[in-house]
Amino acid sequence: MTPRLSLRAVTRRFGAVAALDAVSLDVAPGEFLALLGGSGSGKSTLLRVVAGFEAPDSGTVALDGADLAGVPPHRRPVNMMFQSYALFPHLSVAANIGYGLRREGRPRGEIADRVAQAVAMLRLDGLESRRPDRLSGGQRQRVALARALVKRPRLLLLDEPLGALDANLRERTGFELRAIQRESGAAFVMVTHDQAEALALADRVAVMDRGRLLQVAPPRELYERPATRFVANFLGAANILPGTRTADGALDCPEAACTLRAAAPVPPGTLAAALRPERIRIAPATGDNTAAGTIEEAAFRGESSLLLVRLPGGALIRVSHAEEDGAPPPRGTAVRLAWDAEAVVPLAE
Amino acid sequence: MRALLRLLPGAWLALLVAAPLVLVAVMALSWQAEGVPPYSPPWAGEGVNPENLRLLAEDPHYRDALAQSLVAAALTAGLCLLLATPMGIAIARAGRARNTLLGAVLLPFWTGFLIRIGAWIGLLRDEGWINSLLRALGWIDQPLPLLYSNGAMLLGMVHAYLPFAVLPIFAAATRLDPVLEQAAADLGATPGRAFVTVTLPQLLPALAAAFLLVFIPAAGEYVIPELLGPADATLVGRVLFQEFFQNRDWPVAAALAVALLALLIGPIILFQRLGRAA
Amino acid sequence: MTPRWLRLAMGAGIAFLWLPVALLVAYAFSADPVPFRWGGFSTRWFAALAANDRLLEAAWLSLRVAAGAASLAVLLGGATGWVLARHGPFAGRAALGALAGAPLVLPEVVTGLSLLLFFVALEGATGWPEGRGALTVLLAHATLGTAYVAVVIQSRLASAERDLEEAARDLGAGPATAFATVTLPLMAPSLAAGWLLAFTLSLDDVVIASFVSGPAGTTLPVALFSMLRLGMTPEVNALATLLLAAAGIALALVGWLLRPRDRN
């Protein structure tokens, strides 16, 4: 099957900085892909290259197999939802939504119908004649989405679509976005710096750093098996323990004063391992995949407590202690920690 | 189309801004002559004339005019700053009345400055409003010579340029974070200390911009000294007019323009730097 | 929160700005031939003004010159501001910016003198413009206005999000359509404000007009200036009152044009 969007070795430089460094990526029809990265990772540049606002220095961008090189933004069957929403302040909600259809030269009746549909789908009824400055943040977000969707793009680009919303709206709007994506059948490429948002909404997540694509995987796989230290760090909350590979494929970890053994021998070149706090339990066990430590701090977090445990080698690791296992031991208690081999994720770089 | 959009305004400005300034420089090096127009350019045979610029440097009449202009402009700008600083800050903090008050400051600008100078003439002259009032109160017998004085001239200049000084200070004051003064108070500063140590330093670039925004045009002011000032207030704008219209000495008038520009080029560059920084 | 002395100083400043103007208007309705002396209510000076052909002619000329100069300034200054804000780096950009900024900071006497020398030289070289008059004043004022409009437009476009134009392009508008449907409507209030600013500058200018007008092109400010040189007359009060009223009406009109047009 031809991918909806196909990037091959796309590079874009700004002076000496490579905003995109040989990025190759495919997006399937109907797929929801999240581009996850910090500021300066190149994720927004990637979006602008696909939309046609930036031309790549090298590499190709193809939509349904057709090369987009030299096609100006207004001739691309791709639409973008801007981070600022970029609603036209001099036009009403209905005129904003219908703007793209008017540019296509559609008959008035059809424009009215499709705008009405979009208004209904995004629950904007009654706001059609308002101007953008009289809308709430959530309403603006929905107008921006309606304006891009009403053109029935084959690919919709979303630049931090939930970024300007407050925490309450964000969760609900996220679910709506997912539902709208399924309903419209368009492929969505969303840029975000929020790992929770990326994991919650996307079919696949692409993690970017300094212009390079580090890992592309479904959310669960990304979370469970981050490939590099950066990805593990970016997805948050994992303990990262540096170590050296032993001859039999275990990881000798002096900072934790223990040996980590994964389910399969770790590959050569492994420099560290990630260990999620919720996979570590307090248990009187010895041998590989166990460690001794002293509880330094404990923070109650509702369904669990977060413990900071100092290991003899000097490392401070986070342990999540479930409430259903009873109250955690008090500060200063010496404990033994244990985890399963499946919890050990070898990291390159 | 894009090239045309650049070319057309560019050509207009090159023709009506750059070329005229070059002509002023050429004129400053030309010779006064009988005829229409009353000059002969350096290439007409007599060569470059260095006398005009030398005259400005040596003749106390012209030197005084330039010096007086700078002093008058500095005084005007200083007085404007004194008034405009509290005005700009107070308007920025006026809440809902902010736009109305700003309008009250800017509206006189739209009413035409000749009219406002006319009003001052009516107020200050011997049979004017102020003298009549003082006489009616029995405070004076003879009218005070208010009009055609340095005081009247300064008053008129401050009145004309005050709105220009308020604007940048107001704009900068709206960007101030009121929490900073509260933080200063929390750390033990009295309101006065907080103003001097926290608010004023943040406004410094705007104060400098406001000063220059008044100083630069005031240095070349012609109309206000002519209408309100004493006969001996020979500021450079007035001398330039005299040389040009009465003495028909175009080269000396042009030399005065060159000298004025030379004196103002530093403040102008500084002003544009401040503008870019803001 | 605002200290009392700040508010007092602000009040004093605004009173200082307004008091002379308020008195001027009040005494325009005094019957006394000595200006600023109350001699009972009368509109006789307005009647005298209506009979003053010289002033009326100057006023009519000034209005036409100001309208023409402002319109030209909006075209040239609008283009200049747009080019400076949106064309990115190009050869001559710095020069264009400097040329557009120069009239804002040049002393009026320098601008006036330089333009006169230019018109004289141009006539000497090409025979055009023939002498000085309304046309040369219009060209000079249009140049000054262009600089002001360019600044207004440039700063408006610099603050308006570029996103809006990109959004239009993304939704299928070509560069020209994006300009016509998004950029221009956004610029319109600033263009109107720029027109008004250029119009006012032209209507207020004595110095530049004195240089470039010649006897055939006496504008209202030049006529008013020569009247004021001889001292104040009640007629000037009346004229000033009318000009104030016109400025007030124009400003109210602009405020009404730029009002928030939302039904909700």
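To keep things simple, chains are lettered A, B and C as they appear, and every chain counts its residues starting from 1.
Definition applied: a residue touches a chain if its C-beta (ideal position, glycine included) is under 8 Å from a C-beta of that chain, and two chains touch if they have at least 3 such contacts.
What you see is a predicted model; the values in this text were computed from it and never measured.
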> What chain lies closest to the overall centre, CA atoms only?
Replying inline: C
>> What pair of chains is linked by the largest number of C-beta pairs in contact?
In response: B-C
>> Roughly how far is subunit A from subunit B, centre to centre by C-alpha average, rounded to an integer in Å?
In response: 58
> In angstrom, rounded to a whole number, how far apart do the mean CA points of subunit B and subunit C lie?
Replying inline: 17
>> Which residues of subunit A touch subunit C once you look at their complex with the stated criterion?
In response: 51-53, 72-75, 78-80, 82-84, 86-90, 99-100, 103-104, 129-131, 133-134, 147-148, 151
>> Could you list, by residue number, the parts of subunit B that touch subunit C in their complex?
In response: 2, 5-6, 8-10, 12-21, 23-24, 27, 37, 83-84, 86-87, 89-91, 93-94, 101, 104-105, 107-108, 110-123, 125, 127-129, 132, 159, 162-163, 166, 178, 191, 195, 216-217, 219-223, 226-227, 236-237, 240-241, 244, 250, 253-254, 257, 260-261, 264, 268, 271-272
> Which of the residues in subunit C come into contact with subunit B in the complex?
Replying inline: 1-3, 5-7, 9-10, 12-14, 16-18, 20-21, 23-24, 27, 34-37, 76-77, 79-80, 82-83, 87, 90, 92, 95-96, 99-103, 105-111, 113-115, 117-118, 120-121, 124, 139-140, 143, 146-147, 150, 200, 203-204, 206-207, 210-211, 221, 224-225, 228-229, 231-232, 236-237, 240, 243-244, 247, 250-251
>> Using the touch definition from the top, list the residues of subunit C that touch subunit A in their complex.
In response: 161, 163-164, 166-174, 177-178, 181-182, 185-186, 261-264
